[in-house]
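Two complexes come next, and they have one chain in common, chain A, joined by chain B in the first and chain C in the second.
Let's look at the complex of A and B:
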């Protein structure tokens, strides 16, 4: 009887663990394939980018979010809608630069790093690099060029995970040649 | 709680990556075995977490049913549609609408790529069974997507 309710919550938990464990298997494989951590970081970022450019369509189809009018709105949508939808967490948006073009996402917990410890010989590995690529790829598809990097990482000893996002420029829509 | 879509995107990206790394004549074979071994590790981890509080399984059929119902539902949001066995250690699990194939095609297009999309899941099942104390060989076959069959051969130790 209590097995039934266990099953329901377990089922949700297992789904998130499927992603976490699969990501872990991927990072492990990359560490075997590449000599140094920098290469692994780059590869994760690239894969994240590829995922991001597709994820944005899924996101726009499933959320009823309209066009964002400025970067602040974008930040809120990323933190409160996107992160919640895909990772089940709501990071806080803080540390805005005076010009309003740069902010931080503070993640109290990062589902990607459940069960993970970085061994000493991989101190340069930015384990969650995939996330940077996803954010960059997704925003590029909505005409925003951004720079995304990890400023703090709990795996490397910091108390929280902090993702710093900087707006670079608006990407002009490219019309095919010949269109006026 | 990570979303299902995220896993599907990650899964395709992983296949793309493994494909690009393994280029050569036997590329399909090596791709498939790399993906299968990744799935194996994940399956082992998953089953440990999931069956932490469940009571012991009565027999082989019991845990195969568990795989078809609870495990499949957790991972793919649906149950296996049909389970057949010869009661001598061979089980065929049929999924008529396999989630990881439905994005690839519905029909026979891209059939030659289907094994790569099934390899991870074969490993997942093999890993799950392995941590339940059962050694097995898991293969998959597909003729018309998105339906496919997973064949599990239990190895008597």
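Let's look at the complex of A and C:
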């Protein structure tokens, strides 16, 4: 299995198995270090956040997507452009709340969890928590505060993986202190 | 399109009070035009001969100046660099809100550039709040593409992707500075002005 990289200048192809195994090694090591599923989930989310704040810049540089005008447009861009660019999958956007501030991303397949089975003693582990952090960090850098969580996870017995994203508020730009 | 021409001194005074944070700093007499929506190119025969880039500022979303380089700046602002960066950022902030408020049509890109009789200031902002400001000669046409290239091929590649570079602080990467310098010098509209 190899994944196409869609850089114009860089034609390296990366083996997605290496990516999956690296992520698995990361989660395993965190489990050994923290021994507590909730703590591991938090750490993965934090790491994801740090990735997200930088990933958004790379995303903006590589895609020519401009500023999104509303949350629906944001959802489409995340599903059709961002997920495609970085993970090679295109989740579907469904289950919009009546207020239009919450939606679900349904992932048919999740490259992070290829070959993975959760053992019984880690039933509270949200294996792909990193993705939640990435989405949260990336959107925060474009002035949107969102809450991201896994509603369904194939590793915990559900049929599909569902990520629920809720818009909290718009982060206003602030003038630096010392205006004359 | 917000267009302000400040030929008369009393109109300059009015603009000074409107702008709030922004103080008109020693604007050369002549026209001060703020363009939004579309870019105006004014080609003068004396400027076309030697086109050049004067300096470049990079600001982040909180207003801190991440990077500043100059190539052909003949006159300094007369204030400390820190004050200059604050002034520049304050001006950009004010002009952007001014433009969106006063625009007679729906805004598309917002503030693009302004020019005086001696230089032109080009502006590019990313959705993440990274602002690139380049002062060039009048002969330089719209260089938003150049600024976008600087962002995507230099800032993202050498700063964002470097885990040792702390975002939000003044950029300490020598690699970035040297790559930026060679990029600017390789631009078709850059030429080192003869004294």
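Annotations for the structure displayed:
Everything below uses one rule, namely that the second predicted complex is superposed on the first by the 164 of 180 C-alpha atoms of A that agree within 3 Å, B and C clash if a C-alpha of one lies under 4 Å from a C-alpha of the other, contacts with A are read in each partner's own complex, and residues count from 1 in each chain.
As a convention for this text, contacts are C-beta pairs under 8 Å (C-beta built on N, C-alpha and C of every residue); 3 or more make two chains touch, one makes a residue touch a chain.
Remember, it's a predicted structure, so these values are computed and weren't measured experimentally.
Shared-chain residue A:118: touches no atom of chain B or chain C. Of the two partner chains placed around the shared chain by superposition, neither chain B nor chain C is touched by A:160. Of the two partner chains, chain B is the only one that A:87 touches; chain C does not reach it. Which of chain B and chain C touches more residues of chain A is settled by the count: it is B. By the document's definition of touching, both partners, chain B and chain C, reach A:54.
Of the two partner chains, chain C is the only one touched by A:141; chain B is not. Using the contact criterion defined above for the overlaid structures, shared-chain residue A:22 touches chain B, although it does not reach chain C. Touch criterion met: A:173 reaches chain C, while chain B stays clear of it. Shared interface residues of chain A (contacting chain B in one complex, chain C in the other): 54, 58.
Chain C contributes residues 20-21, 23, 61-64, 86, 89-90, 93, 126-130, 151-153, 155-156, 160-161, 167 to its touches with chain A in the complex.
Of all residues in chain A, those touching chain C in their complex are 53-54, 56-58, 60-62, 66-67, 141-143, 173-176, 178-180. On chain A, the positions that touch chain B within their shared complex are 3, 6-7, 10-26, 28-29, 33, 43, 47, 50-51, 54-55, 58, 85-88, 111, 115, 130.
On the chain B side of its complex with chain A, the touching residues are 1-7, 9-11, 13-14, 16-18, 21, 34, 38-39, 41-42, 45-46, 49-50, 53-54, 70, 73-75, 120.
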